[in-house]
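One structure follows; several queries about it will come next.
To keep things simple, chains are lettered A, B, C and D as they appear, and every chain counts its residues starting from 1.
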Amino acid sequence: MSELTRTPNAGRPLAALGAARHAEAILAAILSETGADGFHVKGARRVEGQVQADSLHSFAAAMKSRVGFEHLSAISCVDWIAQGEFELVYHFWSYRDNCLVSAHVRIDRAIASMDTITDLWMPASFFERDIHEFFGVVFQGNTDLERYILTDWKGPPPMRKDFVSRDFAHEHFHYKDYEPTWDEMIEGGYHGSRGKSGGAE
Amino acid sequence: MYTQALLFLPLIGFGLSALLLGTARRHQAILKTVALIGFLAIAAAAALAGPETGSLLQGPTLFGSPLTFGLTDLSWYFVLMVAGISLLTVFFSIGALRESGSYPMYYAWLFAKVFGMFGVVLARDLLSFFIMWEIMSWATYFVMQQGRQEAKTAALGYLVYAIVAGMVLLGGVIMLKQSTGSFDFDVISKAIKGYDLATTVVALVLILVPMLIESAVYPMHGWLPDSYASTETSITAYLSSISTRIGVYGVVLFVFVIFGIKVVDSVGFSSHLNLRSILLVLAALTAVLPTYTALFQHDAKRLVTWHSIGQGGYMLLGLATASTLGTAGGLFHIFNHLTYVSLIVFSIAAVEYRTGTTNLNKLGGLITRQPLAFLGMLFGIIGLAGIPPMNGFVSKWFIYRSLILGGYPFIALAAFIATVGTIMSVYKLIHNMFLGQLPERYNDVKEVGFWMQVPILILMAVVLLTGVFPGLILQWVARIQTIMGVAPIAYTLSGVQSSAGDLNMAVVTIVFISCIVVAAIIFLIGGKRRIVSQYDNYAAGHFLNKDVPYNFNYHFYSAFEHIFDPLYQAAPVKTTERNLGRLVRITGDYIRRFFTGQINTYAAYYVAAIIVVLVILKGVL
Amino acid sequence: MAEKELTQRSAWDKVLANLRKRSLWMLHYCTGCGAVELPPTMTSRFDMERFGIMPMVTPRQADILLITGYLSVKTLKRVILIYEQMVAPKYVVGFGSCTINGGMYWNSYTTIKALDRYLPVEMYLAGCMPRPEAIITGFNALIDKIAKGEANSWKDYYENYEFYHKNQQHVFGDIETHHDVTDDGKYFRVVEATR
Amino acid sequence: MNSGLGLIVWIIAYPFVSFFLGVLLGGYGRKLTARIQRRVGPSWIQPFYDVVKLMSKKTNVSHGYMHDVAMMMLVGGTLLTMYFVPVPGFHYFSQFGDYIVIMYIMLVAPLGMALGVGQTANPNGSIGIARALEMLAGYEVTFVLTFIGFAMKAGTTSMYDLMMLQQSGGIATWGIITNPLLGIAALFALQGMMNEKPFEVIVAPHEIATGPMTEMGGKYLGMMFIQHLINLVVELTIYMNLFLGGALNWFEYVVKLFTLFTLVLVVNAVYGRFRTDSALRFFWKFPLPMAALGVIFIMWNGK
């Protein structure tokens, strides 16, 4: 691992990390270390801001090594179909300051590609595979974007807003239609599912 | 007349197969037929021979007394066993030794070994006993070093023990010759009765220790596991079934026939703390500790060799009780052990012949590919564990009863602990080799050929037959007991009738078979059943196929390993051997310093020696 | 075929059915949220062991396969493997509205909507989730069906295996369960050779 | 019932009597455990229903011929042990085999099961069998030491003679009264021998999917149930013959059977499950030294 990715607080007990900084100090630290100015304080322990897609990787590396946010708790994705964009939100967490910094990145919805940060955090590959499976965002540099939740899925990425779950379900699965003569069938004894229930083949 | 035949036939065989050495590479068949005919002749001679009391074969006179050989009941019992197992081993090796010339001297050394063993068993005087003992030790060394590379180093380990045993035996022989004035057994046994405690103790110890080394009794067993496990598998079967039992013959011969049990009992401090009780404790240790070491083994052959040490402990246990039942159990156990341990090792050889490995962690599921080897192994392990209706049970029954009724409760407990250890390691053996999932690489394994199947079938029949009708062997055991000076056992064809609890193996087997038939009827009343593939198995909803490893072989007895691992790592014998090796190396270094190799140092030694001699002479004069 | 089955049951079948109904071993495959209803049914509050019903661990030993909740396509593959590993006569009990018609997840893109198109379901326990009393009445109804000899849905799987297999393939393609169901049907004479 | 026609009839009827007794014992056991857990519990002859259901299964799954033969060895071995254990009025076979024979015949059934489970090629089964054999070194060694003490004192290893010795003076000469140490140690061993908690690690349902019974379905499980039920009767009878003075009439026999089983069941109902090595350590720390003490006591005042 290059010097850049070595975490300053690794190995030292939490208590020895020094007093927890409150949000404004963190905001200043982010500005000085990473030069990202689009951030603002959202709450006592929440900081939020915009980051450009291409500068995200360096921002994340700086957050991890210099600003003391060693933990990438999640990457989530929002589908702004109206603007034709995906919004990737990277949540960084600091053990020392108990504070969450979330960086919002906008990428184009049609191209839907972003470079990976698995070299900084190995577990990030799970978040990236999840987003790839459900939104179709391709993460450059992530070697195994293999599907692991919907293993036999053949349809489009299901979490996209243009995917209508009900129509897909109606088309692919068989429903048991409501049968007004339902009660006679029960009293009349049950002769196997194939017999009475209707439904599209 | 048969004594001469039994001695000269192996010699002729050895000569012939040695002569054929040159042709062995090209004409393996000729060598094998010669060996087969030779061993058939030996077996015939052994079978026809009976205990001849009269004609003693007078060999060449040496040190003033002739080397005499004769056939008694005791020696005939062993002669039969040696001849039988040698014939079966040759049968097996004809099928097993496939690439011609891998072991050119295989049959020659086997003949030599048989000659040595016959000599030891037929000897009627101490000198011929010692000479034949040395020949047997050397023959064992040469037979044993045929195998993988570590077989050669392990055989050297055996040789060290054998030489030590030989020297101690020589000391005993000389001591007895000085005190009784003759080598002949009968003369010695009459004379020894009148001797004082000191000489009998020393003579007895000097004679007994080599016997215990040869039969791998506990502290002196270090050589056996490595040497037996790394030789050619058919040799392992041969050695572990009969080679170590010559030591037990020696114990019976000297403790019972020559010295007499009363003399041995008198050696010691009180009726409880005499030589026999020491033998008993040693035998109990030999029965228990090797069986639990066998649990930890990953190699099938090594597991069985540890068991052959353990079973040797059982034989000594039976003999050391010196009661009718005990000695009968011990002697019968020699025969039983011979049958089922060779059966097990032949099955292992059959598996090794096809799969090429005996590593228990790599095998599995071979029951569908090699059913006969499985059946042979099954009969063998039921015999080894001593479960009715196999013969191993009958001799263990004798030993238990003699120990319990003879007032040795904790020795009986040790014997049972050994049985539990045997059952555990024996199930691991058959489970890891034949049961469980069949690995993909053994899919096209087939059964072994005719030559290897015949010995397995014969031994299976013998193990079952002598289990159901132990009387067949007990008749010889009773005759031997009369020579040993112990009341012979009252036996019937299928067991023993006595006031203190009886055994009728025929009835047990009949009831056993009828119960199984009843169970079969109950089973067949149930619905139809279909044999499914091994991948149709419960795996909590997971889909099984050939590249999902789904076999449990490694660390089979994890609870035992969890408890006994520290004890097993500090195995005393291995550490003592290592320290001995280091000691020899250090002393070797010091001695080397004297022989510097320059002439002048040697000249200086001469001058010094002359001066010393002069000083002594002047002093004397 | 089912009608012939009911009328010509021999006296011995009747006796056997009445004995067999008293011992039902249940493998509850906890796919959804219904599993939490089982513990009170088994323990002292409702004690279903009174009827000889006992939870069992592996499919080989079980008679009832209790599917307690929604079934995603991925879980359906495992459920079918377990169903085929069970020893007939076996009864699938669909538990809760999710197995009847998709229940709360009726518009989901991954859950199956009707269990009986993939497995012959013997009985449904309606409810989201059915309470222990419903479970016990359901099981008693099943016991009566077994006593009357009507609980033969397991034969349906052998007789109409193409129907079930086609639906399964439609949903998740082919799986290797090491069972040739049609061949088993002929071997165990569940399916008359003539058909 | 020891000679002629009565013997033949009894030999044919005895398995059914023993099976029926086993069913009653099994039903009583499940009823008692339920009552301890404040439940109603199944019917008194629930094991009979289970066996009938299992044996009437239609599509049984086998893993090979050894799997089938093993089931026959399993039930056959237990039936064989049953014939050799003396019961009130029937000790015909005691003249052919003493307790050492019985002790080894009892190993035939577990060996048969072990081979069958081995062929089902399921690791859960193999782990279960490995544990069963390891537990053997715990309880069986203790039980044998108690028997050795008795046999040495009585000078005979035939179970029928040992039983008759205890009958001579009524309760005063029961095994457990004359040697309490041996009796109590054997009680611990009985708990292990009957595979009841706390020594039930062999069939741990959640951990190794009921161990040896994982791949046993339909009539295979039926055969194991039949064996288990007869085994209940046999093992309780062995303990009763050695330590509770055996029984000469059937009423005394059934009463002793059920009281002894109640003791075992109560312990089973309230205890959790030992791990294998902790169970072995328990056996080697308490019951084994207790039995050894009992034997030393016998040797000390016996000689």
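In this section, contacts are C-beta pairs under 8 Å (C-beta built on N, C-alpha and C of every residue); 3 or more make two chains touch, one makes a residue touch a chain.
These figures come from a predicted structure and were not determined experimentally.
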Most contact pairs found between chains B-D
Most central chain by CA mean? D
How many Å are there between the centre of chain B and the centre of chain D, using C-alpha atoms for each centre? 36
Using mean C-alpha positions as chain centres, tell me how far chain B is from chain C in Å, no decimals. 60
Residues of chain C touching 2+ other chains? 58-60, 85, 184, 188
Two or more partner chains touched - positions in chain B: 527-528, 530, 532, 536, 538
Check the chains against each other and report every pair that touches. A-C, B-C, B-D, C-D
Given the complex with chain D, which residues does chain B contribute to the contact? 365, 367-368, 374, 378, 382, 385-388, 393, 397, 400-401, 404-405, 407, 409-410, 412-413, 416-417, 420-421, 423-424, 427-428, 430-431, 434-438, 495, 499-504, 507-508, 511-512, 515-520, 522-523, 525-532, 534, 536-538, 540, 550-552, 556-560, 562-563
Residue positions on chain D within touch of chain B in the complex are 15, 54-66, 68, 71-77, 79-80, 83-84, 93, 95-101, 104-105, 107-108, 111, 114-115, 118-124, 126-127, 129-131, 133-134, 136-137, 140-141, 144-145, 148-149, 151-152, 155-158, 161, 209, 214-215, 218-219, 222-223, 226, 275-277, 280-281, 292, 295, 299, 303
Show me the residue ranges of chain C that touch chain D in the complex, using the header's touch definition. 16, 19-20, 22-24, 43-44, 47, 49-52, 57-61, 63, 85-89, 184, 188, 190
In the complex of these two chains, what residues of chain D are touching chain C? 30, 34, 37-43, 46, 48-50, 52-53, 56-61, 205-206, 209-210, 213-218, 221
Chain A touches which residues of chain C in the complex? 2, 73-74, 100-102, 106-110, 112-114, 116-117, 120-121, 150, 153, 156, 160, 163, 167, 171-173
